[in-house]
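Chain naming follows the written order as A, B, C and D, and within any one chain the residues start at number 1.
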Amino acid sequence: MCRLLGYIGYPIQLEQILCKPEHSLIVQSYQPKEMREALLNADGFGIGWYHPTADTEPYRYRNIQPIWSDLNLTPLSRYIESGRILAYVRSATPGQAVNLNNCQPFQSGKLMFIHNGYIQDFRETLYKPIRDRLTDTSYRSIEGNTDSEHLFALFKDSLQSQGIAGIMSALEQTLYTIDKIAHTMQVRVLANMIICDGKQIVASRYAVAGIPPSLYWLKNDKNFPESVIIASEPLFPGKWHLCPEQSIISVGEDCDIHIHPLTQTDHLSRPA
Amino acid sequence: MCRLLGYIGYPIQLEQILCKPEHSLIVQSYQPKEMREALLNADGFGIGWYHPTADTEPYRYRNIQPIWSDLNLTPLSRYIESGRILAYVRSATPGQAVNLNNCQPFQSGKLMFIHNGYIQDFRETLYKPIRDRLTDTSYRSIEGNTDSEHLFALFKDSLQSQGIAGIMSALEQTLYTIDKIAHTMQVRVLANMIICDGKQIVASRYAVAGIPPSLYWLKNDKNFPESVIIASEPLFPGKWHLCPEQSIISVGEDCDIHIHPLTQTDHLSRPA
Amino acid sequence: MCRLLGYIGYPIQLEQILCKPEHSLIVQSYQPKEMREALLNADGFGIGWYHPTADTEPYRYRNIQPIWSDLNLTPLSRYIESGRILAYVRSATPGQAVNLNNCQPFQSGKLMFIHNGYIQDFRETLYKPIRDRLTDTSYRSIEGNTDSEHLFALFKDSLQSQGIAGIMSALEQTLYTIDKIAHTMQVRVLANMIICDGKQIVASRYAVAGIPPSLYWLKNDKNFPESVIIASEPLFPGKWHLCPEQSIISVGEDCDIHIHPLTQTDHLSRPA
Amino acid sequence: MCRLLGYIGYPIQLEQILCKPEHSLIVQSYQPKEMREALLNADGFGIGWYHPTADTEPYRYRNIQPIWSDLNLTPLSRYIESGRILAYVRSATPGQAVNLNNCQPFQSGKLMFIHNGYIQDFRETLYKPIRDRLTDTSYRSIEGNTDSEHLFALFKDSLQSQGIAGIMSALEQTLYTIDKIAHTMQVRVLANMIICDGKQIVASRYAVAGIPPSLYWLKNDKNFPESVIIASEPLFPGKWHLCPEQSIISVGEDCDIHIHPLTQTDHLSRPA
């Protein structure tokens, strides 16, 4: 099921948000509070970040160990500084391999992507239908075998067909596509996703035939001024807002929050 | 803090006792019921077993991954058959390296050893006093940096000075030695240990300045006839007996249980 | 490029063939003699074996570490006894993930499979054409992203369409299929494979638009009586025979060798 | 035996020196040119670096995988920028555990340390004599079981007894101490070490009863202006100088090279 974290704002040391909060992702890996379908997030983790000043591709660090036992994380999170951060702790679907190819964030050029949720019985249900819809480029780009990476492939294709400006509408399009296929096959999908292109962060809280996992946002906290944090669970006491179910939240460089509701029942009439 | 398992009796497939019980060590790794000082046992694991017929040194398989995510375990535990089994899931002391040298069982010739507990502030307290008491051979044999391996080294020296027949008295001697040093330095020690030499299993439930972790035994269960199981937590419903605190329990090839109480307050008058 | 080993014959301890020979797979991992397109085989390894007496599914042990540094291998190869063994050390294609899903042997029911070679520019060439030919079951069964696993999927489909008796003809069929697609796309394929179903071992030495890697067989060596060994490189001095290029070699329970030449130029007229 | 790299000078991206040179440490891990007692350096690796502007403790990244297969290294070495870098690829002594505690650089406060060489039969020879000379603090600080970490502990004690200014004389003192013990026990020691405190880099090329491994330095290369590189093997064609045997080389912030010869035969008359 995983736990997610996104940060956009003033550049900070990674450890400020990843390690020091009292209910940090590290704590959430062994003692999450709001997970309904798993107990732990101890099947690896990953972080992604953008350079605080240079306009380059983002950077990733991933590991298949539990986040709490990685001795490299302390020095790295002390060294890394960024104003655009994604982080993720993994709870693997039982039987799925705990390997680096399945470890998020996924990346493509300047895009980074993390997903919390699952597609029910993925191999038997949407695996082939999704692959059949992909462009050759996206099809070939898939390196692991998670439902998450297939969602990212769909997203990339949606974005490609829309042009570079449309992260939010590409995510909306992706959700409508999934929704449509999933409804047809009566498959549950939980699809909380956070996507960053280095300029804005866009996140969904969405489910088909189920309740989406929790997702919160926090703006301009006293310890994190000029910033927005999006997270599966509040990292510390503060004015966290629960994102509405079936919606997309987007945050740009100005840190303004935009919430865009999605209407699940729209799926039959929308193009996919 | 770790969880322990020992089996002596009729040869069985390892999976019968390691994987299939409803509260197996695998379940205890992510959802233990009776641990007081940690939440998980996800910092590696190990199994040790003796050949069911040949008189050879025992075999070990250890891994630093959480036990639930090791894809090799299923085929190995289906293949391995033995009538003398030790198994262990680890909860590392925070900051201690999760590496194979620290992964139990420890082995020396035909002996195997697992430990559940800790020595308080080990590096600052008993680390050097224990090392200073070791024979050169035991001193050099230490490969990792856990308190557990140092307890095993003390045990080996006690056994060496007693001759091969005395596993139980060597364990008793080890506990009195530890008790004496720990009392002097006012250090808490939790020392549940299970030791096997291929013929008998001997276990302690013991603490200095603290409450020893739980330890149970079960004899001739209907699914495990002609056997004794010793475990930190019951693996399944059955006639489990809690081992008395401050005692040693030994089981030989006849599966008879012998319980030998240790008197903590004896430590001042006993030789060490 | 990898190095392969197959053994069929009298049950032996795994260490006899895996560890003790002077040019064992362990030595071949760091100092191979006959590899043309890589220097090492240090990107993981795997072993597969069948129970010496029981009629069960085979067993696997795989690891992403170099074979020489796996401390579990010594005790395991001392414990394991079998008369049907496959083993493999991996040289990953640069950029390909070193993870367990890509670690051979691959297994499906009673079948085990190892491959030495590659499909040129696999992702860009035969990846999708092969997937498009697979049955849904084989398509879904693919867990990693190697060319090797896709060859195994093709093989399983060929076998399925032929019935259980035909391992050798299924391998032949697989090679003709690959040959046909590869010729069309002008892609080099090196396809040395060893397959076992617990009763017989079948191996190919085959290439499309290239020279197949070396493959040897040895029968009834004085240290391995009543057996046949098939290996990428001779494990020790002895009467090793080089398998002919473009051929299949099969060995049954009687240890008789059958060599079946394949005619590369046949590919245009054969059904695929 | 390992391969070493030290860089002091103008801040550069780590990849410039670690990945891009034609005979980089990555190449030296699988194809070293000047190693006499091992074939590979594939038992893990580590990098250490200082912040380019802030006066903080240095940072480390270590891994037990071969350096060529670590997918995190590419983004990290693209992100990391520093003017003080140590890097190391490991060739473990056979039988020694490949675990993170044994992975260099070792660090203590602002000091970092890497070592290429070995102490002959370390466990049986200098292990206990070195430990017996250590202060309690250094004794307790040892986390792994390599000869290298024990050399670092000796160095720290020498430095402590000399005051903070004396890295070079502390290294000299360490070598004389080792030399004296090793001569007494007729033990071979190879002791190429590189030490950095964030301001200067000091390195030794030294052996007792043997030939020291190669060690080169290069100053103000056209691609690395205002810098000095010290390395076990030249990374690329250029004006590399072989450090004299039995000497210490030191480089400060001005990038001036100071070479200080050590007289092996002095050891009996020097204080230790």
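Basically, contacts are C-beta pairs under 8 Å (C-beta built on N, C-alpha and C of every residue); 3 or more make two chains touch, one makes a residue touch a chain.
For reference, the UniProt names are A, B, C, D = Glutamine amidotransferase type-2 domain-containing protein.
Just so it is clear, the model here is predicted, and its values are computed rather than measured.
Among the remaining chains, those touching subunit C as well as subunit D are A, B.
The centroid of the Cα atoms in subunit A and the matching centroid in subunit C are 39 Å apart.
Contact of a single residue of subunit C with at least two other chains is seen at positions 71, 97, 100. Taken as a contact graph, with one node per protein chain and an edge wherever two chains touch, the assembly is complete, since every chain touches every other chain. Put simply, subunit B touches subunit D in their complex at residues 97, 99-101, 123-124, 127-128, 136, 139-140, 142-145.
Those residues of subunit C that touch subunit B in the shared complex are 51, 56, 59-63, 71-72, 75-76, 78-80, 100. Remark: subunit A residues 30-31, 39-40, 42-43, 64-66, 69, 71, 92, 97-98 touch subunit B in the complex.
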